[in-house]
Amino acid sequence: MPPDDDYRGGSRDADPAGAPHPLLIEPIVRRALEEDLGRAGDLTTDLLIPPGRTAHAAIVARERGVISGLVAAEIAFRLIDPGVHIQRHLRDGEPVSAGAAIASIEGPARGILTAERVALNFLSHLSGVATSTDALVARIAGTGARIICTRKTIPGLRLLQKYAVRCGGGLNHRFGLDDAILVKDNHIAAAGGLGPVMSRLKHHLGPMVKVEVEVDTLDQLQEALALGFDAVLLDNMSVAVMRQAVEITRRRAKLEASGGIALERVRAIAETGVDFISSGALTHSVRSLDLGMDFL
Amino acid sequence: MPPDDDYRGGSRDADPAGAPHPLLIEPIVRRALEEDLGRAGDLTTDLLIPPGRTAHAAIVARERGVISGLVAAEIAFRLIDPGVHIQRHLRDGEPVSAGAAIASIEGPARGILTAERVALNFLSHLSGVATSTDALVARIAGTGARIICTRKTIPGLRLLQKYAVRCGGGLNHRFGLDDAILVKDNHIAAAGGLGPVMSRLKHHLGPMVKVEVEVDTLDQLQEALALGFDAVLLDNMSVAVMRQAVEITRRRAKLEASGGIALERVRAIAETGVDFISSGALTHSVRSLDLGMDFL
Amino acid sequence: MPPDDDYRGGSRDADPAGAPHPLLIEPIVRRALEEDLGRAGDLTTDLLIPPGRTAHAAIVARERGVISGLVAAEIAFRLIDPGVHIQRHLRDGEPVSAGAAIASIEGPARGILTAERVALNFLSHLSGVATSTDALVARIAGTGARIICTRKTIPGLRLLQKYAVRCGGGLNHRFGLDDAILVKDNHIAAAGGLGPVMSRLKHHLGPMVKVEVEVDTLDQLQEALALGFDAVLLDNMSVAVMRQAVEITRRRAKLEASGGIALERVRAIAETGVDFISSGALTHSVRSLDLGMDFL
Amino acid sequence: MPPDDDYRGGSRDADPAGAPHPLLIEPIVRRALEEDLGRAGDLTTDLLIPPGRTAHAAIVARERGVISGLVAAEIAFRLIDPGVHIQRHLRDGEPVSAGAAIASIEGPARGILTAERVALNFLSHLSGVATSTDALVARIAGTGARIICTRKTIPGLRLLQKYAVRCGGGLNHRFGLDDAILVKDNHIAAAGGLGPVMSRLKHHLGPMVKVEVEVDTLDQLQEALALGFDAVLLDNMSVAVMRQAVEITRRRAKLEASGGIALERVRAIAETGVDFISSGALTHSVRSLDLGMDFL
Amino acid sequence: MPPDDDYRGGSRDADPAGAPHPLLIEPIVRRALEEDLGRAGDLTTDLLIPPGRTAHAAIVARERGVISGLVAAEIAFRLIDPGVHIQRHLRDGEPVSAGAAIASIEGPARGILTAERVALNFLSHLSGVATSTDALVARIAGTGARIICTRKTIPGLRLLQKYAVRCGGGLNHRFGLDDAILVKDNHIAAAGGLGPVMSRLKHHLGPMVKVEVEVDTLDQLQEALALGFDAVLLDNMSVAVMRQAVEITRRRAKLEASGGIALERVRAIAETGVDFISSGALTHSVRSLDLGMDFL
Amino acid sequence: MPPDDDYRGGSRDADPAGAPHPLLIEPIVRRALEEDLGRAGDLTTDLLIPPGRTAHAAIVARERGVISGLVAAEIAFRLIDPGVHIQRHLRDGEPVSAGAAIASIEGPARGILTAERVALNFLSHLSGVATSTDALVARIAGTGARIICTRKTIPGLRLLQKYAVRCGGGLNHRFGLDDAILVKDNHIAAAGGLGPVMSRLKHHLGPMVKVEVEVDTLDQLQEALALGFDAVLLDNMSVAVMRQAVEITRRRAKLEASGGIALERVRAIAETGVDFISSGALTHSVRSLDLGMDFL
């Protein structure tokens, strides 16, 4: 089951730059199913639904949102019963209106009932992430800024949450501790200042690693720019100070605004001219999208 | 590292009836660390913090709440460096006020920095669950009702989320599909009515499995009571109808109120006399508790 | 490969209430195959049987019994070679007579020979469990009592052994330490008596957990009944005392007879009116059913 | 925890040539514990035994036998709580009399109660294997023959069962399909006779693999001896024919008697002069040794 | 996907006595893919190659060699995308000339590009092993000696490297510490001499384990022969001494020449009459075969 | 066991920027041990070395080189027996002369003998990688260029090989497909040219991902520079053309020389002024460093 988005699709929503490979998702879905099946499996269904019985159901949105996680839901059904057939009416990254069907499910009733909860748990959580991301993205439309996520993710779901952020129109900051450098005050203190930090990084880092530094003041920003950092994280700065930061920087580095990114304030931040606005809440405080399965 | 609560502690909060055994938590924490370390580990820390350096830090609450997940945070630090020492100032299930220290951390600076984010991700998510549970529990204080959770959990975290619900003063409904029976309308239709359902269950179930049935109407409730179900789920009923259900039941079965359990409405529901009030949002839509690590 | 029993099949034997889901069995079968293949695989077959060669074989009972474990045997063949085709002549839970064919196997000779031993190891062990269970069940036919198993299982095979007990017409007691409460004397002593035990359980247990207590005397039984336990385990009581226990209880709780359940004595126990008779030997001391594979 | 037998111990029983390395046993014990703990762990103990409580217990034999599996029992306790201390009174391979204590256990009561059943399940099963092996070994004392086991083992426990056979004074045949060659009639037929079999083996096998062939008749034995097989399995022969086989062979190959090895017949077989007598029942039809844990 | 060699193929090269079973190889390939995909998968391909795009490519040898590992390469492509179709032009164990195509690949472009590097990493490494083995084998053609490998393998690849040695015309020594005995000087010293070693082995070893001893001198060889070892490893002896060893031995045991086996010296060693010549470098110092993927 | 290098150590060799975290290495070492132990463990040692026996040994270099992999060797000994004590005389990244001791090992003789081969397999392979890297690094001393590795690694060992390259004074290119973008001709063709490639990357990539493009000609280089790629891979260019590339580039992007990097030619390449020189052979064609264990 290869990733199914088509990047020529046109719309942003339909083009989340690739669902994670099934090889990476399947172990996560398998663990979720094992968590639900326990040792004895679905007692209720196994006792009350005859094996030959088939069913026809639809996954339906109970509220408006942006869809993400269909690939995980599909894997859940397939692992429980390869005979369950799913027809997508929407694709990850597309908006759904309240009451609309996201996908049709057809096949053995036992398999559909047994996989239902796990499939919906993935889909409603990830669609929740995509929906909040989309809300932030919509607010800053027309500015040059982009919404990005952080490492403040739900343990075990980082891969999927980062994908959901992309489905909502956001981009990803680093995936973990190993794919980019983010220098914070503890690191600077231990290394003896920003200069020694940079010279040490230059000596030891391979060519494909980007380097960002977190700053609290415009003085620190100046120093970081002089040393050639790829990106600078502006930590909890006011909109006014951020505007100054943008002027000082003159595109010599990418600027990331971080800290207290609420829906009300995000456009003002974006209009300062920063390149990226990062939000932890996108992945750590997720309201799940209300979805359900209706049997037909 | 044995579960550390002492059930003679007195207060409800300090007595969440047992953290899950480390044997069950450790694989979950290990996967979260692997997710963050990736292939190359903590590039920034490994390059900038000298190995012998020690640090002293505190995990601090930025807002009021109920703590849950210290055991997961401790395992995260221990897996990264057994030399990191954690002293708890609070126990899972206890309330914390804004600004208060939850635990002190001392040991190798590298280990503390590398494990920090994963430890906080667990602690702030689970404390978020405990805090919302506690809010519901507080609202119904003095009624005989209890707050319970559902299977609408974050994939991979069910075990820990259910524990967090207990930390917040709630109880757990079933852990999965295999430890109790919950009969819904699809099952009833397939089996040919509630009578055949019950006779089939009686024939096939061992002595240690409880049986609950979901009903929409008082007629269905009557039928369920006559057949001897252990518990009945009242699905999306009004407070008035629930009150009737309680009267009809006369304690012949446990009654569970389900559907649309908002903070504003929960006390009215509890006062109908139902035994349990279940909320999916407790585990599917979690606002994480704002926690941070301060270096001293 | 969905569970294949059809609960409308009619006979008890053909209706063991669901084989465990393949998702749960496959890892067990995979480990058994890895245990047999070692590092280098089936040296003898790989060297002596040409790849294109096909074979036709039958799994045959060398003695009378009740079949269980065909699903595990099928997974063994399928994992070794998906081209091996198995046709069942009987279903799990059905009786087989000496000399009768249980299933026909057709396909690549290499795959059949390599998987043969592991497939038979599962099938003969589980059929052994089902056969002994069936013998006990037959002895108590017509009484209201049911045969149940315990946690005295072969490490790693609990899931499958419990299924085999169902195939033999028995029922399952709890699957593990987490799906029901069984209070023994150590617990009572530590908690300070049966009263404190019950009040603690009432305070901390969710609605879907059943509670049983083990008693040695009729006095303890009286106390347990007064406190409202769901079930009482009568430990090593004489038939006469069990009869009194049944009278005292008046169906206020389920009664389980336990200890020294031999074939000779089981009917006398059942006739006391107890609800369940549990036997550890069903799963801890299993004589495997004599099965073989005949090449045609 | 290194293997603990001392080969200078003197007695056969105390010298089972090495318990399997803990690295190999621990995953098996861990899975057995996970199987028993399920998702929520030991509900009864966690709710009713206070954390600080300690206990003192003894593992006691309820009947005479030979001990095997202490290493697995120890790992079970250690994985549940490293604070549980076990003092062995006997070693694997030593005889125990009814009523004697095998080991003393001291430490946290919760840990002891939670691990008890899994520890006993390993110990009573493996001691059952050792005890039956010892019974066969005792019957053939003074003959040159040795008792060996087969690949008819309980899935997942082969490693430990083979060790238990050694504890009972037996030896092991091959561990799986990859560490020796056993040529059966299907292989001979496919290869076109015993001559082609041997020339193919000579061409393809490395120097460290032994080769055995199964024969039904003395003619086949003659042919096998002429071709230089290391060992010959005499399949289901009468004692008289086996005696002839020994004479014909004149120690040119090892002879293994197989098929229907009952306690009554084993000495007669041994006295024919065969080198090895193999029994599948030693590992496939195990009566567990009756052991229990007594709290002091 | 069963092993695909046909032992009737005729040529040595086409008959490497069985590729390891896919059940054993797949976890190794899966880990290699996970190592390359990391958390986010193939960023470049997912962003730049449209999902529907197909490609046609050939795996081509850039230099002369012997092929090994096609089965691993195939599993890599299949795990990434089951829609990728591979047509082998050669089989494992067959020679390839510079510029020749080994296999054609056709299917989804994304899958082919994502799996390419891992597939080639396996194929070029294992073909490197087979090619060096073949070079040694060719040098000793016509002597009775055989080339064998050792336990000096690349961690995690022993199974596949040993198969590659067979593809190159060599044979395997033991696969690990558990499938044969190799007695070295430390063992002899600890046991108190070669006599005690042998008596201990005779007492404790099952019938299917071969026993080899390492000797430095002809005196030790004499002693080993007298005690009946199956094989003797001649450690770092000169060609002249090896010739004497062969004379002394008179085929009473297999002789293995070991130590400093260079291409220049191997024929002289083989002509001494030893049975086996073992080389660690075959597996520990592998020059990979230069292969590439050409898109058509 | 935290990473043990001290970055203040001074010398390049002693400062390889961090051994991978034990959490990441331990599973790799564990699999290598399981591969060697098989099912039955170290038969020879278990039978011939008494349990209480201790030994003292040294790991000694038989030739000159640079050490890498001590951390893996230590984990191997520790997993087999935590009582084995290792004292390092050198650190990863330091040079060793022929005959010098790298580490002393003391403890239970069984543990030392059983872990020896796996420990040496890691250490000699990784030291081989470090030694060849060091040879290239030494050749280009004084130029501004750095040696880097590729994704042409041994399956399963990428993490450790990349560390070994750092021990030898090299740097790492990307760790896998997910931590940086490398655009090759297939990607360019599919996207419709370098312009569309860049605009697509700009739209979809987060801020922390670097982007490199492979070029064959100076025209492509010009185009790549104009579009703002972070790095350009010069594929198989002559030294003369590379010199032109450096001039054209004027440090607007990092330049990586790739293809046919032999020891003889590397200095000439470095002197062209390229920033990085990448070599696949460093990790795909490794001559292991000759190390041994001497018992004292």
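Labels for the chains are A, B, C, D, E and F, by order of writing; each one numbers its residues from 1.
Keep in mind that, in the parts below, contacts are C-beta pairs under 8 Å (C-beta built on N, C-alpha and C of every residue); 3 or more make two chains touch, one makes a residue touch a chain.
Fair warning: this is a prediction, and the values are worked out from it, not measured in the lab.
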| item | value |
| --- | --- |
| Label of the chain whose CA centroid is most distant from the centroid of chain C | F |
| Chain separated most widely from chain E, comparing mean CA positions | B |
| Between C-D and A-D, the pair with more C-beta contacts | C-D |
| Centroid distance [mean C-alpha coordinates] between chain F and chain C, Å | 52 |
| Gap in Å, rounded to a whole number, between the CA centres of chain F and chain D | 44 |
| Junction residues of chain F, two or more chains touched | 7, 17, 35, 37-42, 47, 50, 114, 158-159, 172, 175-176, 178-180, 200, 204-205, 209 |
| Chain F-touching residues of chain A, taken from the complex the two chains share | 7, 17, 148, 166, 171-175, 178-180, 200, 204-210, 212, 230-231, 254, 256, 275-276 |
| Touching residues (chain side chain E, partner chain B) in the complex | 35, 38-39 |
| Of chain F, residues touching chain B in the complex | 2-8, 17-18, 20-21, 23-24, 158-159, 162, 172, 175-176, 179 |
| Chain E to chain F touching residues, read off their complex | 28-29, 31-32, 35-45, 47-50, 53, 55, 109, 113-114, 117-118, 120-122, 124-125, 128, 151-159, 175-184, 186-188, 190-191, 197, 200-201, 204-205, 209, 284-288, 295 |
| Touching residues on chain F, where the partner in the complex is chain D | 30, 33-34, 37-42, 46-47, 50-52, 79-81, 83, 108, 110-111, 114 |
